[in-house]
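Below is one structure. I have some questions about it.
The chains carry the letters A, B, C and D, assigned in the order they are written, with residues numbered from 1 in each.
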Amino acid sequence: MGRGRKPAEQTREKLADRYHAVRVATVALAAPLSPEDQLLQSMPDASPVKWHLGHTSWFFEKLVLGAKPLCPDYDFLFNSYFEAIGARVARGARGMLSRPSHDEVLAYRDHVDEGIDGALQGGRLSPRQLQLLELGLNHEQQHQELILTDVKHALSQNPLRPAYRTPKRAPAARPRAAAVTWKAFPEGLQWIGAEPEGFAFDNERPRHRVFVEAFELATRTVTCGEYLAFIDDGGYRRPELWLSDGWAAVQTQGWRAPLYWEEAQGEWLHFTLFGQRPVDSEEPVCHLSQYEADAYARWAGARLPTEAEWELAARDVPVEGNFVESGRLHPAPATRGPGLALFGDVWEWTQSAYAPYPGFRPEPGAVSEYNGKFMSGQLLLRGGSCASPASHLRATYRNFFPPIARWQFSGLRLAR
Amino acid sequence: MGRGRKPAEQTREKLADRYHAVRVATVALAAPLSPEDQLLQSMPDASPVKWHLGHTSWFFEKLVLGAKPLCPDYDFLFNSYFEAIGARVARGARGMLSRPSHDEVLAYRDHVDEGIDGALQGGRLSPRQLQLLELGLNHEQQHQELILTDVKHALSQNPLRPAYRTPKRAPAARPRAAAVTWKAFPEGLQWIGAEPEGFAFDNERPRHRVFVEAFELATRTVTCGEYLAFIDDGGYRRPELWLSDGWAAVQTQGWRAPLYWEEAQGEWLHFTLFGQRPVDSEEPVCHLSQYEADAYARWAGARLPTEAEWELAARDVPVEGNFVESGRLHPAPATRGPGLALFGDVWEWTQSAYAPYPGFRPEPGAVSEYNGKFMSGQLLLRGGSCASPASHLRATYRNFFPPIARWQFSGLRLAR
Amino acid sequence: MGRGRKPAEQTREKLADRYHAVRVATVALAAPLSPEDQLLQSMPDASPVKWHLGHTSWFFEKLVLGAKPLCPDYDFLFNSYFEAIGARVARGARGMLSRPSHDEVLAYRDHVDEGIDGALQGGRLSPRQLQLLELGLNHEQQHQELILTDVKHALSQNPLRPAYRTPKRAPAARPRAAAVTWKAFPEGLQWIGAEPEGFAFDNERPRHRVFVEAFELATRTVTCGEYLAFIDDGGYRRPELWLSDGWAAVQTQGWRAPLYWEEAQGEWLHFTLFGQRPVDSEEPVCHLSQYEADAYARWAGARLPTEAEWELAARDVPVEGNFVESGRLHPAPATRGPGLALFGDVWEWTQSAYAPYPGFRPEPGAVSEYNGKFMSGQLLLRGGSCASPASHLRATYRNFFPPIARWQFSGLRLAR
Amino acid sequence: MGRGRKPAEQTREKLADRYHAVRVATVALAAPLSPEDQLLQSMPDASPVKWHLGHTSWFFEKLVLGAKPLCPDYDFLFNSYFEAIGARVARGARGMLSRPSHDEVLAYRDHVDEGIDGALQGGRLSPRQLQLLELGLNHEQQHQELILTDVKHALSQNPLRPAYRTPKRAPAARPRAAAVTWKAFPEGLQWIGAEPEGFAFDNERPRHRVFVEAFELATRTVTCGEYLAFIDDGGYRRPELWLSDGWAAVQTQGWRAPLYWEEAQGEWLHFTLFGQRPVDSEEPVCHLSQYEADAYARWAGARLPTEAEWELAARDVPVEGNFVESGRLHPAPATRGPGLALFGDVWEWTQSAYAPYPGFRPEPGAVSEYNGKFMSGQLLLRGGSCASPASHLRATYRNFFPPIARWQFSGLRLAR
């Protein structure tokens, strides 16, 4: 950053650096997988890794650069859900795309990277395009997490239970989870939501007031050991613990434990990104639906927090924890003692439906479809997981999934 | 109320009167239908009229009196969804119950009425049982409305498009709907929910504070004429107007208009409880899903109200309007000018998910399943309809259905 | 038949008598059922009794008289599958027809009977119409059997397990089934199929030659006791006994015994037209799919006969046995000793696919759809059942159902 | 074949040569495809190419050598439908097997080849094992054809319409199909089925007598041009031409033309193994269901042949034609003039259900499941296609598929 460099240039350079860091991280997440692995699609809700690689590139090409697609079919192949842009391959048919080949998709990434680089270096991006570039980076980070959760789901279908990758090193001595305590918050009229400046998704705004009654929040999330006590107490056989939709899911899906859990000779195993492993009772429980989280909370004599409660608790907590950068790719026991640790490890289900904040306005243009149209039938998760990039998270961040979804790293924290 | 009568006796007598009034009203609603009509079940969400007659009686027998069932199988046949009570006939198979016959079910009603009468006269009902009796009456009123909406749905499947009953008299000159205006409400921290005294469902409590920003509410609901403008403007063909789930419903269900509407030779007809009729543009539009209500509001540059907004607006409005007692059994044009008319005609979709109020506690006992377990995946409707008994409604009343449901008398009012 | 009557008149009179006998028999079969019972439809393959009453009348009105329908909608309501005639109510939605009422359908029957009577008396029916009248009578007899099998299926869905009617008298002392022996037939080139004269369905013609190898046929059908040995020997758990499609059905349908069988406290019960009863080991087993019949035969070291084998064996056997006229409405033990008893009690599955005979020509006109278009995916049954009218059967008669169907009175006889 | 070589040795050597020729041919068919392509599974009925490579090897390892699997999981992964051998991966989930990798499957092939080679050279295969080896080779040839038809179906799902491979050379001048004439055959009692000696599948035996009436067979199969006339004459809109199941398929599947056909700007295109191409009216029509073949025949005033008719016609016809060895991988116009050309180009649907021949006995042992258990719900095809290996076919060969199947190279020849 020598003398004579102009601030705009510096900003551009910083943005270029960040762009490359994000783009490289995506490819690095795909690297342990063969082209065959990257083609797997195990359900319509999950996408092949190769498609994630292409779709995130298409986002920059189409929505940031507004460029003609490298291949005319890419608008059709790599559009996710933007109706305004046009028709696209059926969501559940993405696993049929053996062509373009894996190499061709990597070449497409390079092509888009050159386009962005050139536009950035040449100062050819308008202020709106720079905003959209920032959106594109956050979008790509979301897909980084999905690459991991989607391929975990796909590999779990294989009777060989293959690992995404082998662990770097033997796991250290097994740590114990800290005892759970309750942190109290007073009632009051409070502001939540993102400030107008800085990057945030449109669904985090506008900042607005909510009245919150006094509440308490557990200092850590529920562990596998605690959840096992729920199972052993007949949790999955007692309708009185469940929401009606949840109980229907238990019966029609045959749920008896969290996703990926399997009982073999009296021991609980679960599938992880490192293959099948014994369940560690000290780890945060995850791969729960919201129904299971809710039933557990009812069984425990508590409840799920609202998203406002969670956000109020989080606003002064640093974004620190077990994120994707740790390479653990699995929740780790919460050892940090009595303070609130709210970020990382597992997304925390709330009881709040995903709804617009008062005065919500979607982003203008094609990206107006990014968030707003999903505000129906979904529930809020907060906090980020062991598969989330650290720089992607903040206290106001709103993640959302249908209550029946289990393939994310989703757990829970009790409130009362 | 002669001399010498004790207050407890008077209360008992009043309750007995009210009990009989409600019970008789149910039978009267079924009366225009043949036993064959009363057996129809057109979808799992709707029940045969005969089943409603039996189930509401079973509620008093089982949950109020705690009596042995008249027939041992009736617990199995007439339990709706109370898991704690045990197994029951599959919801979608209620239409297969040709036995017990229609006459047997009416005899069952008489039997239960005698039981209640005897217990009331004999002063043998505990205070808790008296509460449950009140709950049973409100429960029966809910089923009165369902009798009408369910049989409307069933009759609509018949290509003959038969009428539930013939109109008492020719409709008067067609009235015009009043012009819509907006009523403004200031921001503020407000109390909503039912007071602790008097009957209310558990889900209306506890009364609690919410912060509501300033808002405006339309003085009347949207009319068929206004909704036709939405249709004519391509409302059902423009994905940008729809929530993602709503757009999926439009496509998979082939929606092109509200439920029961049909275009024939350039004219819109709709099926009513009096058979097929031309759509009257002055009437409130109804049989909308929440998705359609939401899309219409977006198209109109407005939005759906929250349930808190609606309740705040309603708290000083008298419960007056077009209810089941009018015998119109169809929404009527809102002619009452600039004041807010919030009750009757059509249930009004809100944007609020059905969720527990802070500190919500379900009723104790088996009836704990009455409301709480449905607090997932449903949305709030407010205000009551032309099929609701007047005495059943109040400003705090919370009705709820999945957003895709269309067979209730459900319309919308705009907010902004 | 006094002097002076002309032969044509006599024939007309005989036909009129036969017409009335058949028509009255249909109404008599429906008589034990309430209008509610007669509305039941338990699956798309089965129809409400009321619909059978209407459809058989429509057949005479439309296809014999060629008359304008009594009500314009009846072509839509009561057409079964005649595409050439036009659109019709969806097969699975016949149970939604509470209107026309039961009484209206009976009045429709009377109206059609008057039409036929008048035309017959007036000598106004052409030779082709007289043929179609004969077809209509046979058609109605087929629906008589379906009335019983369809309502049996419908009543079996009711947890009360109600009876179609109460038995006339207490069953006599329980007879024993005769010992099974084998009757041998030599190889040879043989004629099968119906002669050109006399009534037969088009699918029984033309008479043609087939070469049949030497074979043996069991003298009676398989009993419940014999079938129980198959069950007890793990018949439903051993894939090697089953056709691939049959094994798939066992698994997806959860078959463990014939339809209507239920094990309770170590005893096998089954649902009959007289309600739930213990399985009688001496009775012919019935309500089997062709898959079960085939698996049983393989287990027994035998096989199912071909339809040609069955017909050759039957050609000199009188049409005697337990038919609908006996009023037993249930298969009875075969007590008749060593001779072949081939008719009545249960339809006998063959291994033959339903296919056109060489040179097959469908009936001309709209009734060409009667049989020919179903010659795909169905298998042949022979012999008639306890629900068949005696006068409806003959050695060349070809009944057919998909191999998975179990709601007919269908059993099996072994061949080898 | 030098001096001193014993006949057994020579036979072994010939068998080893044939084994290698077949095994190499399979790998050669997969060679134009990337590992990604080879993983595609487009429907449960079709399998990934990689799975075909593994399964055919497993057949030799398990059923011929009776060896321990190279990997313990391979019995689970590569068993197709042999219930006696045990559980296996769900048919529709074969596309989820990114592991074992493509290279590992090729290594598995080598391992099995070494095993067979060693056993053959060492003279360690029993006579029964040598029979099973022959069965294994015929089995592998069946999968060679499936590799082509399955990958064609999979690639057709890709909106890019990618080619399996590029044509070797530009197509020559477009040849004309010969005029169709009819060849007559007299009535008579005839023998059909395979002689006891030599290889044939169990379902081709025993040889037995059938009586066949006089018939005529068209000298060539129906062309695309002829089929277009059927389409243009409303063939897909006229229920009277269709079997009932076929008409249902037309409506539920939305059929308007053969599989892979698409109309674009007034021209018919179809997807081939070389990508999208205009339909050539002179080529045999293919990718028809039996329903379509049957409807066409009815429209043309003819019918489908029975399998006996076809076999009688074929017994003196040499097995010559357009097979997989030609590399055309697509049916070619029948230019050979007035003689009967019965083999190659397209499989010919018959009207015959797949049923056991009189006296049929399945192969002993685990391979008893090979054919017999599928004798339900399927129809016979005869003659072989442009994707069949020439050495795999003979006049008695019985191919079978459900009548709704369209992804094989299946066409029709008229009979009358």
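Everything below uses one rule, namely that a residue touches a chain if its C-beta (ideal position, glycine included) is under 8 Å from a C-beta of that chain, and two chains touch if they have at least 3 such contacts.
Note that the coordinates shown come from a computational prediction; the quantities given were computed from them, not determined experimentally.
Fewest steps needed to get from chain A to chain C, stepping only to touching chains, is 2. Taking each chain's centre as the average of its CA atoms, chain C and chain D sit 39 Å apart. Centroid to centroid, with C-alpha atoms defining each point, chain A and chain D lie 47 Å apart. For the pair chain B and chain D, the distance between C-alpha centroids works out to 60 Å. Looking at chain A, no residue sits in touch with two or more other chains. Arrangement of the chains shown, judged by which pairs touch: one closed cycle in which each chain has exactly two touching partners.
Taken in their complex, chain A has these residues touching chain B: 81, 83-84, 189, 208-211, 213, 239-240, 242-247, 291, 294, 351-353, 355-356, 358-359, 368-369, 373-377, 403.
On chain D, the positions that touch chain A within their shared complex are 34-37, 39-40, 42, 73, 76-77, 89, 93, 95-102, 154-155, 157-160, 162.
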